[in-house]
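Labels for the chains are A, B, C, D and E, by order of writing; each one numbers its residues from 1.
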Amino acid sequence: MKGKNMSRRMKSLTKQPGLPPGELIHLGERKTKHVRISVFDYNEKSLLEKDISDLSEVSEYLGKKSVTWLNINGLHEIKHIEAVGKIFNVHSLVLEDVLNTNQRPKVEEFDDYLYVVVKMLSGNADGNGIDTEQVSLILGKNYVISLQEKEGDLFDPVRDRIRTMKGRIRKMGADFLMYSLVDAIVDHYFFILENIGTRINDLEEIVLSDPTPVTLQQIHKLKRDVIYLRKTIWPTRDMTMYLPQMPSSLISDDISIFLRDLYDHVMRVNEAIETYRDMITAVLDIYLTTINNRMNEVMKVLTIISTIFIPLSFFAGIYGMNFDFMPELHYKWGYYILLFAMMCIAGAMMLFFRKKRWF
Amino acid sequence: MKGKNMSRRMKSLTKQPGLPPGELIHLGERKTKHVRISVFDYNEKSLLEKDISDLSEVSEYLGKKSVTWLNINGLHEIKHIEAVGKIFNVHSLVLEDVLNTNQRPKVEEFDDYLYVVVKMLSGNADGNGIDTEQVSLILGKNYVISLQEKEGDLFDPVRDRIRTMKGRIRKMGADFLMYSLVDAIVDHYFFILENIGTRINDLEEIVLSDPTPVTLQQIHKLKRDVIYLRKTIWPTRDMTMYLPQMPSSLISDDISIFLRDLYDHVMRVNEAIETYRDMITAVLDIYLTTINNRMNEVMKVLTIISTIFIPLSFFAGIYGMNFDFMPELHYKWGYYILLFAMMCIAGAMMLFFRKKRWF
Amino acid sequence: MKGKNMSRRMKSLTKQPGLPPGELIHLGERKTKHVRISVFDYNEKSLLEKDISDLSEVSEYLGKKSVTWLNINGLHEIKHIEAVGKIFNVHSLVLEDVLNTNQRPKVEEFDDYLYVVVKMLSGNADGNGIDTEQVSLILGKNYVISLQEKEGDLFDPVRDRIRTMKGRIRKMGADFLMYSLVDAIVDHYFFILENIGTRINDLEEIVLSDPTPVTLQQIHKLKRDVIYLRKTIWPTRDMTMYLPQMPSSLISDDISIFLRDLYDHVMRVNEAIETYRDMITAVLDIYLTTINNRMNEVMKVLTIISTIFIPLSFFAGIYGMNFDFMPELHYKWGYYILLFAMMCIAGAMMLFFRKKRWF
Amino acid sequence: MKGKNMSRRMKSLTKQPGLPPGELIHLGERKTKHVRISVFDYNEKSLLEKDISDLSEVSEYLGKKSVTWLNINGLHEIKHIEAVGKIFNVHSLVLEDVLNTNQRPKVEEFDDYLYVVVKMLSGNADGNGIDTEQVSLILGKNYVISLQEKEGDLFDPVRDRIRTMKGRIRKMGADFLMYSLVDAIVDHYFFILENIGTRINDLEEIVLSDPTPVTLQQIHKLKRDVIYLRKTIWPTRDMTMYLPQMPSSLISDDISIFLRDLYDHVMRVNEAIETYRDMITAVLDIYLTTINNRMNEVMKVLTIISTIFIPLSFFAGIYGMNFDFMPELHYKWGYYILLFAMMCIAGAMMLFFRKKRWF
Amino acid sequence: MKGKNMSRRMKSLTKQPGLPPGELIHLGERKTKHVRISVFDYNEKSLLEKDISDLSEVSEYLGKKSVTWLNINGLHEIKHIEAVGKIFNVHSLVLEDVLNTNQRPKVEEFDDYLYVVVKMLSGNADGNGIDTEQVSLILGKNYVISLQEKEGDLFDPVRDRIRTMKGRIRKMGADFLMYSLVDAIVDHYFFILENIGTRINDLEEIVLSDPTPVTLQQIHKLKRDVIYLRKTIWPTRDMTMYLPQMPSSLISDDISIFLRDLYDHVMRVNEAIETYRDMITAVLDIYLTTINNRMNEVMKVLTIISTIFIPLSFFAGIYGMNFDFMPELHYKWGYYILLFAMMCIAGAMMLFFRKKRWF
């Protein structure tokens, strides 16, 4: 993550203020060129998978008992979002939230659907930063709509399971599909955390062995990443906690155990983040202390050299004076006596420093 | 925001103590010269917009089913406030709170009206500080009264929507009008936050590249701004949380989803402020560490130069002495041998420093 | 506040342990010489104001419907306190709390009275410290007893309002009187806070411009004051929160809005204290960083001077040696060449420092 | 408290793991040689006080309506504890807790008795540390059993009140006796706090005037004491909070006001501890800042002396060189001109330092 | 614990994402070679103890009223886990949690069993680190299944008590067995804490007497251990708190007192960890301050030597100059007068330093 990246993220917090609530405007970067809309329609026995270009095509699947999964990649073509609103009877405020990609993870209950926002995290190309994408899920009777900012997601394993009938997904309802999608996203958080954990461990070793100013910048970058991660993931806790408590007919009792499991995962993620925060603070403390230790080391070298040679130089200076009457200068052994005295002084200094345990 | 500004803000926390509760005295600066009173009266079909000078003119609109919005800019003419009290039957404690512009954001329920306090924030002219204005809203049956400290507000988009029938505002009741006003104010918080975010990012870059004592002052100013922002905005959370729970007949079920959305926005603002607090603390840590790093750098230069030349100077001093008997002085190659020895000593020192990785 | 003051306050936390609970002993300093007892007895039409010396005189007012306010200044004469216990049927533990002036602000409900403890704060004579006085209020049917440690209080405005019939106080019951007394005390907290706010702002400016060790002591004193203030005022929050919830017939519905207003004030005080705590911590951080900056400055001067002149002195030392064979000494331009070389070295050093941005 | 003391305390946290729950083994130091068992049996009219050696003697008092207080000093003779279990029908887990003197303060309700654990604190002989003793109280119908680790307690005032019929204790039941015992212990906490408060104040003065490394050790010792105190006393809060809520027939309504008073005391203790924690942190901050200030002072002296004399020595070195052609050496006033130039340089340096406000 | 260890622990947070929920894959290191399955089947009268190799053998004990304890050491053979799922009708998500050894301690209620996760801690071989093992317990009607990662556990005392009929375990049901197992694990936490406590005390003494950079590394290691311990143990609190509240027919009222005792132990562990955190932070503060103290000491020595000898050297330099006209050089007593003057200067410096209390 570059400084710029962060700045951009922080900057795009807001829409043009003064717009009427419910006005549909896409906020956030346009992350993909083409909008791609795909439909899965399945039950235990049959499966239909199809890319469509016009949302009205989806209506034919809705009345049926099979589960319909409508996935939309790319949010910049407002007409598709408006079509979702019309066909599925979704409140305009929800559509506004879908388009404003700075939502907090949350779940909101409406009369005949649930609206869920999750943050999909992925590592940057350079392996060192974090990319965020907002995924909106709308769970209605027998359908799930997932709206993503761009192509490329973490849902391929879910698609495979649907295609191959692996696991129980084909036997369960739309609620299980929504759970599977959120679960896929949350599972990926652990990968992001691993990356952070490795970076902390690397920095720990560097800080204890050979810290440089570059290390400081790395610690700082890491700290910002964790602050950002915390801000992004933390509200997911509330979301997963409220999800099983929703008094909604849309969520069947069968999946409450799965939702509890999901909550458990989110708790583990959050606890790990808190632990990482503590560990980074500890690393920074160590860095500061190590610098202090080093300065101490430098000071000691300077002091030892100075305090030994400055007095000696003084004595040399004394006998470099040009006074007419300096009897010592004429003693036969004067020079050697002085050299000997100087060695004694130096030796005494050394003993003093050793006693002080300076080396 | 200047130091003075802050001081003034903090100072004006209080009224003359000892006044009876409910006594009407305008507290806070007089921010506008003239009081301006304007009325909007609208329903789905008709719209009346008018500036009035005497509040009694407003009574004619009250009985009707249309929504009446009374906006008062400027609080220093007590007679208008007293007129509000009389015409709308508002409790004297509420009027006192309207006039004392140091309230916390809050909502209070009365028998036939709700009293809401919000803080309207705007950037200073120099783009670097934050201006606060208290806005009081009184929501009654079919009317909203908004009381501001001065001319100039964030409500023009709302006015435009009323005038142009954009959005649903003309179809909804007074509760939606109140929501729209609060929403306009809260939406603007995101702009203030963006400004803060940009300043943090700028300081981060400066601190990592070339921090000066001025940077420290800027960090401090920023920190104070965030502390102030937090104090001002934080209680808005409670306000928006209680608003939908008010067991009041004044708030219809239709707008509960809008109020939930509002709460969501306020939560995002508060979380961003907390994140900014963490980030500023991190920046200050980096600043301190960078200064320590630099001092270390300075110390190293001093130590390298001193420890190389002080011993050499000592030897030069030795052979500058005037003893009669110093055989080395008379050796033919004495001078060159000494120069060579000195170079050896300097070289050894350099190796020592390189081994210590000091340069 | 002097260090001694603080120490004294902390020391007088306790009574002689081992005394039976309910034993009446005055704890705390004796702050006044004479005990002064005054009575107000009023209703909407009549007012009686009188100083009495024997508490039994008060009984005559009790049966009547008028509101009786009994104020006692000075707690060291136990007989008056015992008389209160006997005449008003007050529990001995309450009397013990009245006398032990180290209570936390609190409200306690009894069968036929409420017991309220508040801390009355006032600025010291030197305008820089905080004086605390415990005020006990007992609210019974148609009467309020206020017990203070010494002469001089913040109740004169309340007295004036009773005398002049200003405001609604003469029309309301004993509960409103009690509220007015607590309100007068809480309103004064804002003045104390202003003082603190001004001191913080002054210190901020000093710390950024010219901090000295004395500044450190002032920051420390300020911090202790805020810690002390927090400890003293914080529990008032609970007290004012529980007050309207008391299921007591003593508190009428009419004043619940006033109590809510009181709670609001206390919340504002507490939030301001928290903000001040943050700000003082920030000031201390700045102080520390400024000292570090300065040390850095000092180090740079030392290093620049030393690294320029120590090598030059070394060269001067070389040519001050007395070797018989030193050809350079006999060159015609030797001296000038050396001077030029020295200037080159000094210049190079200067360039190096400028490149390092040390000056 | 010595380091050893602390270490010992921390070490004895545990019993031999793997023992079956309810196994009776005395954990903690054996603090007294002989076990002493004393009985008080009293009602409003009669009092019996007696030392017994065999617990079976106590049975004769149990059936009666009088209150029986059985006090056991010394826990190392298991047979007495087992006898308590048998005679009073106490659960083996309770007996285990009695013997393991590392319990947290707590209250537990059983069918026909309450089990209360409190920590009795007392100052060390050297007046600087804190001694802890666990006191277990078992409140049953008409009896209280108190179990202490050693001779010497804070209960003598309670005993005196029973003997002399002072206060209401002889008129009240066993619940009041238990309250009186806990109250005596909690009251003594204030004395411990006073000691801490005095030590903090002393350290504050030293730190601001003349801190030495020994001061650092004292601050550290004090901090450890407060950390230890907090750990020991904090859970007492829960204990006293739950006590009045116990749905037990053992606690009569009459003493609920006394229990509320007790809770109030414990809250005051805990708040004082928190305040002390803040104050010690502040003292440590001041210490660190003062050391930094001093180092700054030292650096300034070094820098002033060095930057004045190093350049001057250089000039002296120049004219100490032995070049054949150095015209200045032969000027008549050369020496005096140089001395004057040197004084000018020194003066300029002094002005520079004064401008920088270094002295 | 080595850095690597920590890193490994952090890394293995996750399974391959994208797997369907409930897919059985063993996550974590394979800590044992062979899977060992043992069965205890007991009631008050009879006991059967047996190692089995095929889980189907266990079915014969299930119908009976006796308590069956099935212990499985080693999780890497999936077939055994699947057999558990089939025979005991355990949900696949539970089995997944059993295999993924990165669970948080927790309790989950199912229709006919409880699932409990605890962390078993043990000291490393080198006595300085902490080993963690996840133990899963499944409590059903008349049976307990315990699943461990490897051979070697803390359950031998429980086994002994079953074999020898010591304590009440043979008389109680499966719930008591589960309690006994958890209790054995929690009891061992105290041993781990003791180790930490001893290390803190050792470091405290070293830091106050003679800290080295190695000490810093030890503090850091200790801090990481405590952070890790906290993360591992903290959720146990929730687990033990919810356990007695489980509205399950599987937990009889008889053992609620034992569960309360367990909760009490866990609380003591958590409080001790918090105290240790505070103490380590204090130790690090002391370390930093001690280093600062030392640097101060070093600076003082340097400054004293420099400020005494640099001016003296300057004067020696003056009289080493070769000016033709330097009258002082020809005074008879010039040399001695200079020496005396130098001694005076040195003495004055010494007095200055003593006044400044530098030595």
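For the reader, a short list of remarks on this structure follows.
Note that in this section a contact is a pair of C-beta atoms (placed from the backbone, for glycine too) under 8 Å apart; a residue touches a chain by one contact, two chains touch by 3 or more.
Just so it is clear, the model here is predicted, and its values are computed rather than measured.
Listed here as common contacts of subunit A and subunit C: B. Residues touching across the subunit D and subunit E pair largely diverge in numbering: under half of the numbers involved belong to both copies.
Averaged C-alpha coordinates give centres for subunit B and subunit D that are 42 Å from one another. Averaging C-alpha coordinates per chain places the centre of subunit C 26 Å away from that of subunit D.
Of all residues in subunit D, those touching 2 or more other chains are 288, 292, 295, 299, 302, 306, 310, 313, 317, 320-322, 326, listed in ascending order. Contact topology of the protein chains: cyclic, one closed ring where each chain has exactly two touching partners. By the touch criterion given at the top, residues 154, 156-158, 160-161, 166-169, 180, 183-184, 187-188, 190-191, 193-194, 197-198, 200-201, 204-205, 208, 257-258, 260-261, 264, 267-268, 271-272, 275, 278-279, 282, 285-286, 288-290, 292-293, 295-296, 299-300, 302-303, 306-307, 310-311, 313-314, 317-318, 320-326, 356-358 of subunit C touch subunit B in their complex.
Per the touch definition, subunit E reaches subunit A in the complex via residues 3, 6-7, 10-11, 13-15, 17-23, 91, 93, 97, 102-104, 106, 108, 110, 210, 213, 216-217, 220, 223-224, 227-228, 231, 234-235, 284, 287-288, 291-292, 294-295, 297-299, 301-302, 305-306, 309-310, 312-313, 316-317, 319-322, 326, 328-330, 332-335, 338-339.
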